[in-house]
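Sharing a structure below in C-alpha cells format, with a few things to ask.
Chain naming follows the written order as A, B, C and D, and within any one chain the residues start at number 1.
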C-alpha cells in the first residue's frame, strides 16, 4: 500500500520520472484548456452558440481537478502542510467555484464566483520548476526587492507632484477634474503607457508632459540596472568553485583545473 | 534635561532603537493618510459628501506635524542647520499651507496654497534610509550624471530636428500648427509614450514616425547601459574586503595585496 | 567543369571573395526593391498609376530569383540538403507565389498568394552572417530561452488575472465586453503599448491601470537583465585564449592554466 | 600677431582656460536663445505679438554667429580642414539661411530656409566634449554598431511580416488600407509607441497585436543587452593598468600596487 502511494507521490509531486513528466504535461494541457473555456464562456456570441457544451466541459475539468486534489491530499506525506501551502490553496480554489456555483442564484455574484475559476492559471506557475535558472532569477529579484521599493517610492512621489501640478495647470477644463485624475495621468505618462484619454491641451501642460515623459524614459534605467547588476553578480557566484590549494574562486562551470595554480578542482 | 532631549533626539532623528522605528512607522502612516486626504478633497463628489470631516482631519494632521516640527527643532543638536536642510524645509512646507489658508480669501490662490500641502509626500523619501542599498543606488546615479546629460542633449537635438521636419512635412493641416507642437510630438514619439493626440496623416509623416519610434526604441539602451555598467562596477565595491593596514576597501575579488598600500590582504 | 561549379559555389554561397561580396550586395538590393514593389502594389493609388509597370518589374525579379534558385541547386554540393534547409525553402517561397498567381483566378486567394512574395524579406537575414557578433548574440538569446519562457508565463498569468479583474470592475458599460477583451487590454497596458482604444472609465479601473502600468514598467527589467547578464558572461568567452594542448577556449581573462587539461596557457 | 591668434585659438577652440570656458558658456546661451527664438516665431500668436522684435533679435544672433565663424576661420591652424569638418559645416549652416532669406520671395521656400536656422542646435553637441565619459560612451556605441544593425534587420523583418498579416486579417474595413499602413502599424506596435490611430477591430487582429506587443516588450532586451555588455566590458578596460612585474591587468582606477604580486603600478 505504502509503495503504491509512494509511486503515486512521485508521479504527482515530482517530475524526475517519465510518468511524472507525462502527468505534468497532461495537467498543463488541461489547465490551459479549462482557462480558455472560462474565457470563451464570457464572450456573448460563444455563450449563445456552445453554452451547454462548455457547461459539460467545465464539469469534466472540475471532475478531473477534484480527483487530482484528492489524490494530492492522499499521496502527500504531510497532507495538512500541502493543503495550507500556496499551491494547495490554489488547487482548492480551482475547483471550489464550480461547486459554489451550484448553490448560488444567478446574477452578478454567480458571475464573479464562476470567474474565480480562472485562478487555475496560477497552477501553471508550478511548471516553472522544470526550467533551469527560474530559481536563480527568483533569488535575484528577491535580492533587489529593497532597492526596487525605494525606486517605486521615488516614482510615486514624482507622479503625485506631477499629477498635482497638471491639475493646477490644466484644471477641470482640460479634463483634469481632480488630483487623483492628475496622478492617473502622471502614472500613464511616466510609464510611457500613453493611452491618450487624458492629454494636455495648454502649452505649459505639454512642456510638463515632455519633461515627465523624458523622466520616465530615462529612469527605467534604474530598475533595469538593479536587476541586471544582481543577475550579473550572482551569475558569477553560480559559476564558481574555490580552488582547494590556492583559494582562487570564480572558475567557469566546466573548469577541472584551477586557472591560477593548476591544481585539480573537485 | 539633556538626557531627555538626547532620548527624544534618538527617537525622532534615528531609527536604530525600537522607539525610533515605531516613530517612523507612525509618521509614514500619518503622511500617507494626510496625502490621501488632500487628494480626496480635490474630488468634487468627496468634497460634497465628507468635506467638513476632511477639514477636521486636516487640522489633526497639521497639529501633529506642527508638534513634530517643533520637537525636531528642540531636539536637534543644531536647530539652524536642520531648519535650513532639505528635509527641514519640506517639514515646514508640510504645515505652512494649512496656516496660510486661514488668512487667504477663497478662490484660486487658496486652492493652490492648499494643494501645496501635498509637498508632505517628500517626507516619505526620508524613509529610504531604512533600505539597504539606497545609498549605493544614489551614488551610481550621481556617477552617471554627466553621461546622462550628454544623452539628454542628443535626445533634445533629435527631438528638435524631427519635430521641425514634421512641422514642414505635415504643416497646419495635419495638426502641427507650430514647431513647439512638432517638438512636443517628437518627444511623445521618441519616448514611445504615444498619446495619439497629434499623429501623422501623410505617408512621409508616417515614415518619419516609424524612424523616430525605432530610434527611441533602440537608444533607450544608452541610459540603461550607463546606469547598469555603473551599478555593476560599484557592486564590486560592496562585495570586497577592507585592507587591515590602511582601511582601503573595494578590492577586486581575487586581490591578494592592497592596491593602495601594498599590504597583504587576508 | 567541376572547377567552374566550385567557382560559382564560392560566389553564390560564400562571401570571402570580392565576387561573392558583390553578388550578396546585388542580391540585397534586388530583394529590397522587390519587397518595396510588392508593398507599393498594395497601395490603391500606386496600383492605378503604375500597375502594369510593377507587373513587368515583378516578372524581372521573379526571373532573376528563379535563375538564382536554379544556380544554387546546381552549384550546391548537396542540393537536397540545401532545398530542405530553412533558406532553401525561403528561396523557393520567393518565386513560387508569382508562378502560382498565373493559375489562380482573381480575388482574395490571388491577393493572399501574391502577398506571400513578401516572404522574400527573410532572405535579408542571410546577410546577417556578414556581421561580426551576430552568432554570439544568437547564442546568448538561445541560452536565455528557458528563463525568458518563465518570464512570459508570469506575464501571461498577470495579464489574465488583471484582464479578468478589469472585466469584473468595468463590465460591458466600460467597453470590457468579455474576458478576452480584458486580457487584450491587460497586454496592451502591461507592455506600455497603450493604444487607448479600451480604457478604464471608473476610479477603481484607473487604480488597477496605474498598478498594471507600473508593474509593466518595472518588470521589463527582468528580460533585459537576463539577456544582458548572458551577453556579459559570454563576452568573456570571446576575449579569451585557446588552450594550446587541448583546444578548450573561453578561459577567464586572468587564467594561467587551462581549466580542462591543466596545461599552461600562453 | 601670431601670439594673439594663438590666444584667440585657445579661447575659441579649446576649453582648458577660464576664457575658453566662458566663451563656450556664452555660446551655449546664445545658441539656446536663438533656437528658442526660431521655435517661438513659428507660433502664430507669438509672431503677431512680437514678430518685429524677433526679426531684430534674429539679426543680432546672425551677426554674432557670423563674427564667430569668421574668427574660427581666421584663428584655425588649418582653415580649410575646419570649413570642411562636420562642425564647420554646421557653423556655416547656422548663418547661411538668414542671408539666403534676404534674396528669397515669401512663401513656403522662405519658410523652409528660415527653419533651417534650427540646424544651429547641432552646435550644442560640441559642448559634449566638456563631459567626462562622452567619448567612452561613443566608442561603446560604435563598437555595438554591427550587432545593432542585425537587430534592426530582424525588427524590420518582423514588422514587415506582422504588418502584412494584419493587412490580410483586417483589410480596408479595419483601416489597414495597404501594406505600408500595416507596416506603420507594426512599427508603432512593436516599439510599444501605440498611438491608437490604427487599431485592430477583429478578434484575430487583437491576438496578433498582443503577440507583437509582447515581442516588442521582450526584445528591447537585445539592444539594451548589447550596449550594456559593451559599456561594462570597456569599463573594465578603462580601469586597468597592467602590472609591470607579473602582468596582471584589470586593476581598479586608484590602484597603486598590483593586487596579485604587490609590485608598484605606474
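One rule holds for everything that comes next: a contact is a pair of C-beta atoms (placed from the backbone, for glycine too) under 8 Å apart; a residue touches a chain by one contact, two chains touch by 3 or more.
Note that the coordinates shown come from a computational prediction; the quantities given were computed from them, not determined experimentally.
Colleague: Answer with same or different: of all residue numbers used at the interface between chain A and chain B, are over half used by both copies?
Modeller: Interface between chain A and chain B is built from largely different residues.
Colleague: Quick check for the class: compute each chain's Cα centroid; which one is farthest from the centroid of chain A?
Modeller: Result for the farthest chain: D.
Colleague: Please work out which of A-D and A-C is bridged by more C-beta pairs in contact, and write that pair.
Modeller: A-C
Colleague: When the C-alpha atoms of chain A and chain C are each averaged to a single point, how far apart are the two points in Å?
Modeller: Between these chains, centre-to-centre, one finds 27 Å.
Colleague: In whole angstrom, what separates the CA-based centres of chain A and chain D?
Modeller: Averaging C-alpha atoms per chain gives centres 38 Å apart.
Colleague: Can you list every residue of chain D that touches 2 or more other chains, as numbers and ranges?
Modeller: 151, 180, 183, 192-196, 216, 220, 224, 226, 228, 232, 250
Colleague: What residues of chain B sit close enough to touch chain C in their complex?
Modeller: Chain B residues touching chain C: 192, 194-196, 224, 228, 232, 254.
Colleague: What part of chain B is in contact with chain A in the complex they form?
Modeller: 35, 38-40, 42-44, 111-112, 115, 118-119, 121-122, 124-125, 127-128, 131-134, 137, 140-141, 148, 151-152, 155, 180-181, 183-184, 187-188, 190-197, 216, 220, 223-224, 226-228, 230-232, 235, 239, 253-254
Colleague: Contact residues on chain A for chain B in the complex?
Modeller: Of all residues in chain A, those touching chain B are 146-147, 149-151, 153-154, 156-157, 160-161, 164, 167-168, 177-180, 183, 189, 192-196, 199, 203, 206-207, 209-210, 213-214, 216-218, 220-222, 224-226, 228-229, 232-233, 248-250, 260.
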